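Following this line, the structures themselves.
Both of the next two complexes hold chain A, though its partner changes from chain B to chain C.
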Partner chain A sequence: MPPAASAHYRIERKTPASYAAAGAACVLVAVLAAIPGFAGRNVVEELIFVYYMLALAQCWNLLAGYAGLVSIGQQAFVGLGGYLLFALTIIAGLDPLVAILLCGLIAAAFALPTALVVFRLRGAYFAIGTWVVAEVYRLGFAQFKRLGGGTGTSLGPEITNQVFGIEWIKSLFDVRTPAARDIISYWVALALAAATLVLVYLILRSRRGLALGAIRDSEDAAESVGVDYFRVKLGIYVITAVATGMIGALIYLQNARISPDAAFSVLNWTAYVIFIVVIGGIGTIEGPIVGTLVFYLMQRYLASFGAWYLIVLGALAIAVMLFAPKGLWGYAAGRYGLALFPIRRRLLVKNQD
Partner chain B sequence: MNVWADALIQGILLGGLYALFAAGLSLIFGIMRLVNLAHGDLIVLAAFVILTIAAWLGLDPFAAALAALPIMFMAGFALQHLLLNRTLGRDLLPPLLVTFGLSIIIENGLLELFSADSQRLRAGSIETASVSLGGGVAVGVIPLLTLASAIGVVLALNLVFYRTSLGRAFRATADDLEIAQLMGIDFSRIFSVAMGLAFIVVTIAALYLGMRANFDPTIGPERLLYAFEAVIVGGLGSFWGTLCGGIIIGVAQTIGAQLDPEWQILAGHLAFLVVLVLRPRGLFPRATD
Partner chain C sequence: MSLLEIHGLRKCFGSVVAADDIAFIVAAGEALGIIGPNGAGKTTLFNLIAGGLFPDAGTIRLDGHDITAARPHQRCRAGIARSYQIPRPFENFTVFENLLVAAVHGGRKSEADAAQLCGEILNRCRLLPRANALAGSLTLLERKRLEMARALATAPRLLLLDEIAGGLTESECAELVGTIKELRATGVTIVWIEHIVHALVAVVDRLIVLNFGRKIADGNPQAVMSSADVQQIYIGIEA
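On to the complex of A and B.
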């Protein structure tokens, strides 16, 4: 093959579908941001739930699907964010919105030493190790008597009603204080979900994203071409901890009540998230979006069945893992060649004949 | 000083229970590198099986557990054969997620069948019987039996591993799956037998779990964590190491509880993390992975 053959190759990343998706996504975010203007309070509250589950799912997908760090302990950072929000507002007297930003920073400070401990374990052992650490966080925060100890505590209205901008929202939408609080939470949740999505996309498009793909395929081979996989994995772990901590802070600002068992619940903040990602399609950006929609519908129509609902959810995740390991999106994308978020570089070879 | 000696002895005995939790996990990991996230829930499931048999046939827990052994062996064999063998391979996710899903299914299935009420395996007068060790320290017969059973299980597993042809097949598949296959070992059958064996250990662990304290369907995951900590602290691949790991976690918990009752569980977890930082391969490592 002569060198001139390079003319026959083209690297393709973006596709017409992905351009359309980018345009549609911008319009969608604008429409979603306007929803509190015409939708009822229960719609706003349900969408807040959808947004933070989507954001958590994107974080877990980045960790497990791309960096190979299968964590069962992300509830550590949700609970940490929640407790930090309560500490920063109740004890330090900060505005909740400022506190949410700070929660992200402090979560990073917790994530670094945590990583140095759990990174001593690999693969499946890492998974259970993160779970143990989450339990240590739970039992540790249960010792803080100032934040209610084992039974937890509530955010008083003097804090939740003083969120920055609440008076402006009240006059803009002509609503009462509780509805105005929901609208602020709604925008913060939408912003966090969109920011997480953009962050994951940018990471995957960057050099680091290529390094992640290389690590996932073979750690040894990646190292031989100069990828420092410890640093890459550490970076991803800390970044997802920051995002997860901020999401946790938002969740508990919205709840206004926290307890160690709920804040560090493996079922609520990790099991559901894992099921979302697996059912939607692990290792794709679109998968968690599809998974969140499926999960929302199941939660809405089946949650009243209690234990049976969880049995169905567990069985569905097992079935997907066995028969369609790439999830719903992976199956559809493989079949129809879809890619809404262009992170893959595809080699197109022109026909020589 | 007496309370500390007492805490130490109670911790060693509690460690026997954790070693029983851990032995099954250690066995499965050693042979097929499978980390079973449903292990804790399987122990709770076995306790409910014993409870049901005892209630139906009017047996005491020991006889009921004996009757449960063949059932549980077959259940383990079937689980591995029908489900878990399909998940094994180079990819880390399928076995983790399938056993995680299984854990949720077992816990909620038990909640649906038996409700969230606390249960206990009633064994009559032996429950309160104790033996005096002199110096004002007395130990319960059941905790003593637990530790003795843990030692018995470790001895039996070592015997199977190093003195039988089944054990040779276990070690061969653990060392090199492909070569073992070339030598004519049917690894899917070997794995299924191994899971059956692990279920027998799980049933023995469940017997003592149910006699020592109350249990309900939701306590599984915490037992998984204790078992996991014992395996890691002891070092992968050594059953005696697992026994020591269990005892270390048990002693850390009772010493912690002696300082402040709220610190019991936390102290066990912290002991695990300290060992992980200082000796990441555990105290008595044998396997390399």
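On to the complex of A and C.
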């Protein structure tokens, strides 16, 4: 029987499984946050790497997988964040943690004019354009003599050892200064990874996320129903630049040494990240998590094989693209109907009596 | 009171003139039909009105405001909604989500308000049982209905329907005509392109005929269909 004209309609989004997943995620983050209390320094350092690669992968996935902006120039914002961190701490004398936050804001200020240039390009030209822009950034930062010019520079212990809260950590965990620095970086990395993931999820659930889904299927049709796709895409580009810039700042606080070639490396900050997203599953939130774990394991056990490592990495990427084009997560999710981060909206009808 | 005013509209694709000095006015609340042979420029006219194409010359006014240079999403928010001749659903969305994005972005509504509106439209367009099905899984009739429902979700004042009955069976077509008649009664202004003239004439109060990008007739449906120019084009096509 069709519903009466006076029927009430509302949206339902959560499923029992999603409540369970949210609860489990909170527990997981709490457990991860406690790891420095009982794990060794090398575990902490490896997890920092896992967290920032995960955060970078979430950003690139939002940009390419959801907004269709296939950038191969995100190293521009990693390097920008890194260099800004050095400038803000060495030259302006700020606390590194404050500097990381500022790096995000300044990255936004750089992203806007950059977008106005690269948004004029489409498809493959956009991808190449972003890369060219990253090269311009690299050449630009190589000119700053105070930041070491083309050879780069280091963060002195007077900066890295003065991070906010380090004395407190030293007494809490009863560790020396270098280990305490790692613990702070660890927490910041964990917070950035978790925040990026939550950010992506919230964006996808928002009205902007709805627009992204429509644009992905048909740009013309999306515009015809009122979606301002230029603005939506610009917003996503700037938001990912902010997150990527903060992650870059953290990476180079942890490294304590920066050079233009490393900071703006397309291999480290874009190619590996694309590998992670493609292997795990582009256009899903879960995919980059799976991809990061695969990448970490390969890096850990194969990196010593040198060139073979890269060959295996490339072969695996090609195999996944051929046999599971939606990535490992996409393949599993399709088979078993999994979704840890539901963004679907269901319409519920309630007939009035 | 005129809702849409078109003056001297012209659009060329290379040597093809798809719109040649077209002018007409649509009054608020009117239902206007547009017919013409294949390639006459009907869809091109809709693209020009909805903003998917920009004209080489001429002006388009909505409510007296010049919208000739406005982007498609701006025209949608100003009250123009369209359906596509070849349905373009958001295939990875459910039917309901297709409408929701239109109501939230085109209609500037909150999601809660939008849900109520979308539910009512789905009910009226007989799509409610399919609300939570993926749009990619719909039949042709359902896709046509979805085109119309999604356009309606933007709460338009001017609804452009491009061959919404094309490819449907006789009974499906009759059902769709019923739905469009109901819509008309709600006060929305309709411009409807259709090859199936008897379906069109059952709803519209005025008919425009296009041929080779030119408007060759405009007026009362019976008078237009019996005029010599139109008879010549339509000879043997429709009784």
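Operating definition for what follows: the second predicted complex is superposed on the first by the 331 of 353 C-alpha atoms of A that agree within 3 Å, B and C clash if a C-alpha of one lies under 4 Å from a C-alpha of the other, contacts with A are read in each partner's own complex, and residues count from 1 in each chain.
Criterion: a contact is a pair of C-beta atoms (placed from the backbone, for glycine too) under 8 Å apart; a residue touches a chain by one contact, two chains touch by 3 or more.
Just so it is clear, the structure is predicted and the values come from calculations on it, not from any experiment.
When the two complexes are superposed, the chain touching more residues of chain A, out of chain B and chain C, is B. When the two complexes are overlaid on their common chain A, residue A:R300 makes contact with neither chain B nor chain C.
With both structures placed on the common chain, the touch criterion links A:S218 to chain C but leaves chain B unconnected. Contacts of A:Y9 after superposition: chain C is touched, whereas chain B is not reached. Of the two partner chains, neither chain B nor chain C is touched by A:R176. Contacts of A:R345 after superposition: chain C is touched, whereas chain B is not reached. Once chain A of one complex is fitted onto chain A of the other, the partner contacts of A:G140 are limited to chain B, with no touch recorded for chain C.
In the superposition on chain A, A:W308 makes contact with chain B only, while chain C stays out of contact range.
In the superposed model, A:L210 makes contact with chain C only, not with chain B.
Residue contacts after overlaying the shared chain place A:G226 against chain C, while chain B stays out of touching range.
For chain B in complex with chain A, the residues that touch the partner chain are 34-35, 37, 83, 86-87, 91-98, 100-105, 107-109, 111-112, 221-222, 224-225, 228-229, 232, 262, 265-266, 269-270, 272-273, 276-277, 280.
By the touch criterion given at the top, residues 64, 68, 70, 72, 117, 120-121, 123-125, 127-129, 131-133, 135-136, 139-140, 142-143, 150, 266-267, 271, 274-275, 278, 282, 307-308, 310-311, 313-315, 317-318, 321-322, 325 of chain A touch chain B in their complex. Taken in their complex, chain A has these residues touching chain C: 2-3, 5, 7-11, 207, 210-211, 213-214, 216-218, 220-229, 344-347, 349. The touching residues of chain C, counted against chain A in their complex, run 50-52, 71-73, 76-77, 81-82, 84, 88-94, 96-97, 100-102, 104-108, 111-112, 115-116, 118-120, 122-123, 128, 131-132, 150-151, 153-154.
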